[in-house]
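Next up: the structures, one after another.
You will see two complexes here that share subunit A, one where it goes with subunit B and one where it goes with subunit C.
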Partner chain A sequence: MRDLSKPQVMDRPRKSTQNSKAQEAGRKWVEQLEKQLEAATSQFDEALATLPVPHRRVERWKYTPVNGWWRAIGKRAQITAKQAGCEPCPIPGLDAYRLVFVNGEFDAEASDLPVYPGIVCSPLSLVPQTDQAPRGSNSLEQEDWFAALNGKFAKEGLFLRIGDGISLDRPLLVHHHSTGEGCAAFLRHDIEIGVNAEIKLIHWSTASQPSRGVVNISTKATVGSNGRFQLDKVQDEEGHIQHMAFEEIQQAQDSRVDVYTMTIRGQWVRNDASFRLDGKGAHAELNGIYLPDNTEFVDNHTTVDHRAAHCTSSEHYKGILYGKSTGVFNGKVFVRPDAQQTNAYQQNANILVSDQATMNAKPELEIYADDVKCSHGCTIGQFDEEALFYAQSRGVGVDAAKAMLVHAFIDEILDGVAVHEVRLEVNHRLAEKHQWTEWSDHLE
Partner chain B sequence: MAYDGKDKVLEEVTGKAYEFGFTTEIESDKAPAGLSEDIIRLISAKKEEPDWLLQWRLEAFAVWQTMEEPDWPHLNYEKPDYQAISYYAAPKQKKQLNSLDEVDPELRRTMDKLGISMEEQKRLSGVAVDFVMDSVSVATSFKDKLAELGIIFCSMSEAVKEHPELVRRHLGTVVPTRDNFFSALNSAVFTDGSFCYIPKGVRCPMELSTYFRINESGTGQFERTLVVADEGSYVSYLEGCTAPQRDENQLHAAVVELVALDEAEIKYSTVQNWYPGDAEGKGGVYNFVTKRGICHRRSKISWTQVETGSAVTWKYPSCILKGDHSVGEFYSVAVTNNAQQADTGTKMIHLGKHTHSTIISKGISAGNSHNSYRGLVQIMPSASNARNFSQCDSLLMTDTSGAHTFPYIEVKNPTAQVEHEATTSKIGEDQLFYCLQRGIDAEQAISLIVNGYAKEVLNQLPMEFAVEAQKLLSISLEGSVG
Partner chain C sequence: MLKIKELQASIGEAQILKGLNLTINPGEVHAIMGPNGSGKSTLASVLAGREDYEVNGGGVQFNGEDLLEMDATERARSGLFLAFQYPVEIPGVSNINFMRAAVNGKREHQGLEPIKGKEFLDMVKEKAKLVELDGRLRNRSVNEGFSGGEKKRNEIFQMAMLEPNLAILDETDSGLDIDALRIVSEGVNAMRSPERSFLVITHYQRLLEYIVPDFVHVLVDGRIVRSGGKELALELEEKGYDWIKEDAVA
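For the complex of A and B:
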């Protein structure tokens, strides 16, 4: 029996959703991880055992293929960015503080940390466990097997405290690089932003070619009253990386959070962003673009939980799917009984370019208050024939016309990216990946 | 903003006793409670069925035993004890009826109370009614008229006897026995239902209609409906329901199968007003229905439903668009009040090229009810140039009710164009204010707004039903703005 009077924000972990085969595969995989990461058994093992290891019949993982998941975990190379030939700052011309992680380990030499009164910014491993946000406290960790794995294995990450009223003068870049075979990297970002404080954060993930492994990043952020948090998340991983990112963001009164998730490259990417609007008047903005090609897989899950009155949220995800790629979008908006005057908007637009591309979308609304304005829309289609014809009739070639349309399509999202240099670099890398000679060439 | 008498109206409406709640006392022939192979053999024997059907039922029963009742819907109800239900009840009189005069006077009175007097139906409305009371058809009208055109419209048990080849060819082809828990149960124990066959190129001259009624206390109702429209034919089929008031939950697990062969068109309309239970949700009908149609080349299936009743509704009328250029439509208004729960929607499976589907779903939640739309639009790789438009809107009347949307969209073909949009809001204060300002009272204004909101769907209903549906809407909702 389920309680219908309030939303069930996560799927309940039920014994009945466990599949013994998946459970066994998961357990064996964890054993390999334990060996590589030298992690002792912890209190999480018990919690892990009660959670269903994802398989097709777990609703949250319905469209996400986990069959090929259980890749062998080998020994991970402990090298620095320099040794790996990785540029510490992947964004040309960006003036930012940075933390660099290679294969899940902090690289102090390549990093440049902000030192200011009122700001604590350090690698997580240097912070005593008692000062960290307790593990297993966020709802994703309690409900999702892979998120729970992060609670068990992650030792490293960003620890950030921004004091009240402080605004960091430059963006903070967190760069993670994967390299080598069979590497498992677990990162945990623990962020608290004070009252009236402000920060721009960039998460940039790269991987060298060839590389093979697993990246599991969990970000937990709380934003104080009237605080401002801008997060630009870029995934550009070559090789065969299975990338999972969990974000859990809690917002106090009148705070504003903007998250941009941009997936440029990635064999297998899953983003799971969960927003909790706890205080009145909070605003959450979630945007994303994904342009998978070949056999790439991109999955964006979002949850926006409206818990207080007068909050607004706006969600906009756009995707263009090439080759044999698969895209998934699952957006959930919950409006709790007390969250009157909520205004929630959700939009997902997709273009399928190739015959073999697949898109699965599941935009959901669960509304338990009456004085609300909620809407969602979802479209899946191809390039607008009329627009293509218009361009062609004016002497623009088919490819250039398509590039123009692509440009217009994704720029709607990219225009809002907080850091200009990030935007340029994303554009540049997309052009490189899809062999658009240069954006500007087509526009002239 | 306060409206005079708003709360009073709300109380009046929510406090309203179920209008059609009465019980007909007719002796009935009832099987003992419980479900086993023996019971299925008993049902089959009582209905004098051929062996293939018995085997088919037994197979379904075997499948059903391995299945679990689904718990993914957004519903909260106590699962029925399937062994406490009697699976067969038939009014005792067994002889063949030739005219209305032979019908039990008690039964006739029931029909009168329901407003479906047979004579009137015959004379005035031109609607052929296959009146189903507890599993066995007791009267069928207009049969001769239809027979002239070669149209077969009869009860399922009759069809099994008289047109076994047709039934055997199509039964279970759209909803296989192992499709889901409730369809398997239905396949094992269905007692009766309607069968309809429209021959090639025939346009059925009248709306065909069936009134269902759950009458015998403690009996489940397991209807099986099969509509086959042969090439180039057209039929409009109506299904309407009212059920007497009961204190214990009544289970209804029907299966409806539609087959639209090349260039045929089937329009299937439902007005459902089963007993929704009292204000706390006690009593009330559990409605677990599997409805599905298959469209062959250039054919069309249109589902229209107005759902106001039942304590729990689990219902997804679907279309499999198999043939090229076939069309599927789904128009729905679902109203929930008090403690009602509905998890309803549709599935549109596009297989053929140039297939089109339209989904318009309007949910209205009042009281403490929960109203969910759950739908699937699936474009398979073979479905080039498929097109889908979905719109699901929800209207919230009170702050204790819920409106939810769970659309699933799966596209595997780049030439497809799929659009989905959904909105949730309460009745506009400005709209209400506008009406009040012009001298329309709150109750009428709400009725006006709700009717306007649902118009898109109501317009799809045949005349006879549109009137009934509008009446139902106003009964369920007038003044219930919170």
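For the complex of A and C:
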């Protein structure tokens, strides 16, 4: 058995997993990026040279092809939201503070920052590095090549400090928009939520059509005891974007964190959410939906690391895969020896609408405490033909019947989304993408 | 209203319907009786448009149109209704939203606007009374966790909401206690009219004491082997199906 007293991720990559072709592509990638961006630090240079550049034999990237995306990087267009024709707030009717980033740069004019007692909220670039959470403290950055890439290049993002006992009066929206050819955007969100503090955060990513590039977002949040953090994360990128998102969340005693990851559109999306339950009685809620179509690729990797007693986690991801799309789900639950009375739940359910769609799902439970309750389940199925026929026999059209079953499937997740306007807009955009008007109309 | 001619249908390798003839005129109630496995549900499914079956002979006309050319949705919108022998559960879809989609589907077919909220709710209240379907069942997911009797009452409620020209009831009596049987039958009887026809499929004649048919047909091995008035049901009850089977072979 491994030594569990030291921080680690479960499948620490070994040098032997390096692949010379992938390493070479990775080197070119970094070179390409250096032409476009000034690095934030040189502290990751060694890691980038020695960590295996992902390829098929690296466990964490087994089903996630990264080949060739470095070719998408060229020159970055400096552009504002207004110039890009991008609505600063993509959610109609939402009353929220917001930070808008375009191609990785902060757009002050499109933003509306909170000025609120007990809260520090600013673009990361305006905060001295000495005040930021130290780079490399994020364990993924030491283990994963792409996370290290973020460590090296990300200079911009959200810097947020919520003082003890403070809760912001409105949600905070972080909107990133990609546009043009060849842009590489690195964002780093650095968040500390105090004792008894509370925040609702929305991460919304868009890209214009056509566009081509890579987006790499790392979110690191610590939540103080009895704190509450709700994150609604929406990915709706047209064009041809490689979107990589890392979340690393650390929870103190009795804190509660809810993350909803909703992938509406995206040519290539990888989410890597990692929760560390450090304090007794903490609760983590991780939920997600993904509905890829055509040749879209969506990957959700999650890690829940139970390190203290009496913690609970509940994880529920649901996918509907159309066309020739591919989905990946990998859910790790880790219960350490001290984490007695853990209650961990994990569920991943999928519907393959087309016989050309593919889903790779894998739960991984490692349990080192004896008094725990862990359950997990994974299903991959088709539309319920009986239910479809039943609806049709009542005069419901086949498309509306399918939309009805889709809603029955995903609403269970969407019902828990923190911000109501987000839920409505997600529904609206999904209906638009999949042409569900007939059934959605009944809901309004 | 409905003209079935020499209908043949198969599923997989099995030929189930082997040349079935039946004509139903407006306002008539026909009963089909027959032993288990004789093809009663197959007939109902083929008429409703279930695609698992292959029709490999004969034809069906419904209100002068070729029924077999339409998909299940079109058949329902043109006024055909099937009360399922085994109603389907749809978790996550409320009974009421389900019916609203159904009613609006039919209205679309008739060139009408979607139904207004209040009008719809009034209609639900009125029709639910017919089969004593309480509010709790209306708001729950379609058939989920319903008892056998509640499922069958829900079928008749749906029929009442959709006001079909032709309703096929597939063993609506199975799994019903005497009270539920009475409620369901009264619901059906209240809907009888000179324009509306019924095809009542049953294994036992008990149901036909409540829903009195104009004609009774006996289905054996994919064919109607005998037709008569309501007395035929009583005769079957007395003598069993074997008598007719032997008769049919002879």
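Here is the rule we go by: the second predicted complex is superposed on the first by the 424 of 444 C-alpha atoms of A that agree within 3 Å, B and C clash if a C-alpha of one lies under 4 Å from a C-alpha of the other, contacts with A are read in each partner's own complex, and residues count from 1 in each chain.
The rule is simple: a contact is a pair of C-beta atoms (placed from the backbone, for glycine too) under 8 Å apart; a residue touches a chain by one contact, two chains touch by 3 or more.
Fair warning: this is a prediction, and the values are worked out from it, not measured in the lab.
**Q** Look at the residues of subunit A and decide whether subunit B or subunit C touches more of them.
**A** Counted on subunit A, the partner with more touching residues turns out to be B.
**Q** Could you look at A:G104 and tell me whether it touches subunit B, subunit C, both or neither (first, second, both, neither)?
**A** neither
**Q** Which partner does A:P292 contact after superposing on A: first (subunit B), second (subunit C), both, neither?
**A** A:P292: touches no partner chain.
**Q** Which partner does A:G266 contact after superposing on A: first (subunit B), second (subunit C), both, neither?
**A** So A:G266 meets neither subunit B nor subunit C here.
**Q** Report for A:G194: first if it touches subunit B alone, second if subunit C alone, otherwise both or neither.
**A** neither
**Q** Based on the superposed arrangement, let me know which partner A:E366 touches: subunit B (first), subunit C (second), both, or neither?
**A** first
**Q** Using the touch definition from the top, say if A:R394 reaches subunit B (first), subunit C (second), both or neither.
**A** second
**Q** May I ask you to decide whether A:G157 touches subunit B, subunit C, both, or neither, giving the answer as first, second, both or neither?
**A** In the superposed model, A:G157 contacts neither subunit B nor subunit C.
**Q** Quick check on the superposed pair: does A:L405 touch subunit B, subunit C, both, or neither? Answer first, second, both or neither.
**A** In the superposition, A:L405 touches subunit C alone.
**Q** What residues on subunit A touch subunit B, complex-wise?
**A** Spelled out, the residues of subunit A in touch with subunit B are 1-5, 59, 63, 337, 340, 350, 352-382.
**Q** Considering only the defined contacts, which subunit A positions touch subunit C in the complex?
**A** 384, 386-387, 389-398, 400, 404-405, 407-409, 411-412, 438-439, 441-443
**Q** How about subunit B: which of its residues touch subunit A in the complex?
**A** 71-72, 74-78, 341, 370, 379, 381, 394, 396-426, 482
**Q** Residue numbers of subunit C touching subunit A in their complex, please.
**A** Where subunit C meets subunit A, its residues are 48-51, 71-73, 75-77, 81-82, 84, 87-93, 97-106, 109, 114, 141-142, 158, 162.
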